[in-house]
Amino acid sequence: MEIFSINDVRKSFSTQTDVLCGMSLSVQKGEVVAIIGPSGSGKSTLLRCATLLETMDSGELVYEGIKAAWNGPDGNVVYAPEETLKKIKSKFGLVFQNFNLFPHYSVLKNVTDAPICVQKRQKEEVYEEALTLLKKMGLSDKADAYPFQLSGGQQQRVSIARALAMNPDILFFDEPTSALDPELTGEILHVIRDLAEEKMTMVIVTHEIEFARIVANRVVFMDAGVIIEEGNSDKIIRNPENERTKAFLRKLNL
Amino acid sequence: MEIFSINDVRKSFSTQTDVLCGMSLSVQKGEVVAIIGPSGSGKSTLLRCATLLETMDSGELVYEGIKAAWNGPDGNVVYAPEETLKKIKSKFGLVFQNFNLFPHYSVLKNVTDAPICVQKRQKEEVYEEALTLLKKMGLSDKADAYPFQLSGGQQQRVSIARALAMNPDILFFDEPTSALDPELTGEILHVIRDLAEEKMTMVIVTHEIEFARIVANRVVFMDAGVIIEEGNSDKIIRNPENERTKAFLRKLNL
Amino acid sequence: MSLGLMLNKLSEGMATSVLIFVLTLVFSLPLGLFVALMRMNRHKVLQNLMRIYISIMRGTPLMLQLLVVYFGPYYIFGIKLSPDYRFWAVIIAFVINYAAYFAEIYRGGIASVPSGQYEAAKVLGYSSSQTFLKIIFPQMVKRIIPPITNEVITLIKDTSLAFAVAVTEMFTVAKALASAEKTMTAYIFAGVFYYVFNLIVAFVMENIEKRLNYYRL
Amino acid sequence: MSLGLMLNKLSEGMATSVLIFVLTLVFSLPLGLFVALMRMNRHKVLQNLMRIYISIMRGTPLMLQLLVVYFGPYYIFGIKLSPDYRFWAVIIAFVINYAAYFAEIYRGGIASVPSGQYEAAKVLGYSSSQTFLKIIFPQMVKRIIPPITNEVITLIKDTSLAFAVAVTEMFTVAKALASAEKTMTAYIFAGVFYYVFNLIVAFVMENIEKRLNYYRL
Amino acid sequence: QADGIKTLVVGFDQDFPPYGYIGEDGNFTGYDLELAKAAADIMGLEIVYQPISWDSKDLELDSGTIDCIWNGFTINEREDKYTWTEAYKGAGQVFLVSADSDIKTFDDLKDKVVAVQADSAGLYAIQDEKNKELLDSFKELLVVPQYNEAFMDLEAGAIDAIILDIDVAKFQIKDKESEYRILDEFLQKEEYGVGFKLGNTELRDKVQEALNEMAKNGTFAKLSEKYFGYDSCIMAACLANEK
């Protein structure tokens, strides 16, 4: 079953045209897709379009068969009515590259507030789950701390916990391990693997090729706003066909 | 010649005691030291104490033989007079974990402003150097962009360029590659290697063990505010003696 | 006149001043928020309507607005004015005037919350009102305490304008007593009253500011 | 009275009002910055001195301050007052009063610049004054335009207080004309003048705000 | 409710002793207010003292929130802007100077700074055509918001003389006669009346009737004696009494 697809998406900024130039991506239930590619290739922008933070210039966006956006007759993109978008928003979660934690909430409140206030779930249940999540992330002793009191890696882990606490159908990660040490990267990997086993669908932008190889079923290599190559992660990373992909991955061996 | 040393530094926060518990580090001219260790172990705090952004609770801080801080007779730390500190400040540079670019300056201005206004260097010369630096970082076309228009990796590269443009005697990096793709990591590596060849002294906090192994002469493994093990980078990373270091590095192989 | 009697007279005026002050804040602080939100709304019509409202409220003297609110019903609709209406006219005029000033302060505060906060809230599914109330508003409050204090302190002094429609508050009483007695005593009391009132307001606001220091931006 | 003569009289008043307005801003905006910086200084003495200064300036009526500045030299030092001094007393009183209000707005703005900006500047070796002028000040300005506009607009109206020491500005002229003629004509002209003045200020400030939108926080 | 049927709502400036002010007992009192009370008693109306902002007096009167302005209200120059009762008190504008001043006559005012209260009868008097020469001889005519400030200015030496109402002048310098002096010559003589909304002759007539009654029964004489030390009433009915 297709959980998410974005088709022929184009996006320009006033100061930078063709950040995304007609790329498409479709994700099946339970799949873990890793997106790799050089800096500035449009990976974050793709996630932002997918999560409705940025409007596409043209293209189609579909979640579980429900259209969030499509090309109107005049070629301009049309977004679904607010109500539909609201329903769609409950289907995905996003972990930001720069965390965006709420500075005025404690760690625990950052993680529990949305499940309680948005999903209207039982307080006790949410707290219990959140504490388990924080423990998994090695943050048990930071539950009452405020974001400004955390190290970079700690902030990143809180932001992952916050997204996971929402139990979305599909989770987007923008460089979830960029501020983590290898030890924690390993632990996040476990978390993501566990999620994968529970059939959580995930799209992960990452610079850690090894991480991508291990955690993802499929790897997508992006450059300059288009997909250059995609396929089974072992295959793409070990035996890329495209020259650009080869050049990119070659640098891996510093 | 010893460029930098910090001795027996202790630091607690009101909500988190013993972030640094009496650790010492000394750096010789031309040395490249990598600091590795789990998240929350105090790496950033160490750099912040070294760069005078955080005051130590006790300890000694020395740059090129000039004392910036020492333990007073009553056990409390005493900092040198403002004038001495000012001289000392010109000796080091710092690349922040979260960039801290100036949002109201263009990329070029972010890089050139301090050399021109603080170091009173020739405008033309600084601009030329800055453009070369930006080119090295793959940011030639972003010279006139503002930070909010940059991707995460681009912001990080600008912040590195900004620190390098000051030509400090010793450069501290807090996770310089955390938001970079492998390709760029490789390029930053080249920049840092070039600097090392020019005998630039550097202290680099990093999570990329491979990066640390290649770029550093010496690796320091920190945990819970103390140095667990340090030594030649190949030796530490390939054949650590301490059990904790071994456990940490074992996770490297995901 | 005995000092006791003078203080008695003054305290009547004080009661009126304090009542005007409290009622104005109670209504104008939320109303201002509402205006600020409409001012920042995407609908151009609403936006411009609020822009005009703010422009008129800030652009004409409060005293004139008082006169219009009080005498307007008579001059425009021919409604006979009841004496009770004097006080409520003052409250209405003060509330709509101060709401405009507060609205602009809120707008500045809201605009300085980084966009990442909206994005995080949006992705987590917060409705726009939840986003505002739970995420943006608390962070805005921290930023706007000093300018809000400025306006609140101006309000204390503006209460004396109520006399334009013959509501005798504190300052008017003091003035009348001073000219009847040919001494400054009443003015001194009035000055002390204003100053203490101000100190209390400044103290309360500084405390709120300190309380909000539990987190950093 | 002919309309021409009335306008002539009013425009003299306008000139005074505008002059008070401009001179007050020119001096109080920088003075306020200075006060804000001392208020945020580490030295407790300086900090408390500024706290008291701000408290007095905001806590007592501007009119009283005008009277003190004008009559103070005679009553305190026995200096005979020259008629020229009236105007300068107005400017001095307005400047020190408004500087206090601006100082608090600046303080709020400065406090909402993230600490990382100071740290980056510090590490790059900027002196504290450079840090302030080049890094903090420009980012602060973006955040404080709306509350500053509030105060500037209040200043327009406050110019009418100059009459407390018999400097006849715009509003006083209009009032005198209105009650002499028992018509509203002069008031209407005055109203239009204030309103247009306000529109200009609001327009200028909004433009500055837009200009500063080239970057985001 | 100001309807002139059950109540008589008197609008007055409470900062204007001795005509209307806060008395020793904390209640409103004054020459005019006592007159108004006596008139209301005669008319069988309940008296309501409504202190008003002088700037809003016309709005208050026109919108019917007050019945009349009764407050040392000068008729001169305002004849056709209100419906007036007969003038009941003579007054005038005089110059007040420091006791040690060398100003004795109008001629001595040449090149002096003279202060006058804004929107006062004194201001209109000095601005009148017939006083143009005198006005032009001044160094400056300073319009002040309140007499209080003018007195301070006089003391501080920033001004040389103040134009004000004779009774206000007397009231102000009571107990300080050694410090101030009033010039003998009047700048202008004028008369006070009760002002009603233009066209409200009905109520005016009723009040006029009451005033005439008060002239006859000696209320005027008694109150005038109390406040000014002499019988100041100039109404025809008063003058007829004397004869």
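In order of appearance the chains are A, B, C, D and E, and numbering begins at 1 in each one.
Following the convention adopted for this analysis, contacts are C-beta pairs under 8 Å (C-beta built on N, C-alpha and C of every residue); 3 or more make two chains touch, one makes a residue touch a chain.
Quick caveat: nothing in here was measured; it's all calculated off a predicted structure.
> Going by the stated contact rule, which chains contact subunit B and subunit D alike?
Neighbours common to subunit B and subunit D are absent.
> Which chains does subunit C share as contact partners with subunit E?
Neighbours common to subunit C and subunit E are D.
> Among the chains, which has its CA centre at the largest distance from subunit A's?
Most distant chain from subunit A: E.
> When subunit A meets its copy subunit B, do both sides use mostly the same residue numbers (more than half shared) or mostly different ones?
same
> Subunit D to subunit E: how many Å between their CA centres?
It comes to 38 Å between the two C-alpha centres.
> Measure off the straight-line distance from the CA centroid of subunit A to the CA centroid of subunit B, and report it in whole Å.
29
> How many angstrom between the C-alpha centroids of subunit D and subunit A?
Here the centre of subunit D sits 50 Å away from the centre of subunit A.
> Quick check: how many Å separate the C-alpha centres of subunit A and subunit C?
Spacing between the chain centres: roughly 46 Å.
> On subunit B, where are the residues touching two or more other chains?
Touching at least two other chains: 98.
> Please set out, as single numbers or ranges, the residues of subunit C touching at least two other chains.
142, 216-217
> If I count partner chains per residue in subunit E, which residues reach a count of at least 2?
Touching at least two other chains: 55.
> Of all possible chain pairs, which ones touch?
Final set of chain pairs in contact is A-B, A-C, B-D, C-D, C-E, D-E.
> Write out the stretch or stretches of subunit E touching subunit D in their complex.
55, 58, 78, 81, 113, 115, 118-119, 123-124, 140, 142-145, 149, 152-153, 155-158
> What does subunit E use to touch subunit C in their complex?
By the definition above, subunit E touches subunit C via 1, 14-17, 21-26, 50-53, 55-56, 59-60, 63-65, 148, 172.
> For the complex, give me every residue of subunit C touching subunit A.
It comes out as residues 116-117, 119-120, 122-127, 130, 134-135, 138-139, 142, 214-217.
> Which stretch or stretches of subunit D touch subunit C in the complex?
Within the complex, subunit D touches subunit C at residues 55-56, 58-62, 64, 101, 104-105, 107-108, 111-112, 114-115, 142-147, 149-151, 153-154, 157, 160, 171, 191, 194-195, 198-199, 202, 216-217.
> Which of the residues in subunit B end up touching subunit A in this complex?
Residues of subunit B touching subunit A: 13, 15-16, 36-40, 44, 97-98, 138, 145, 149, 151-154, 157, 174-175, 178-186, 189, 207, 209-211, 214, 248-249, 251-252, 254.
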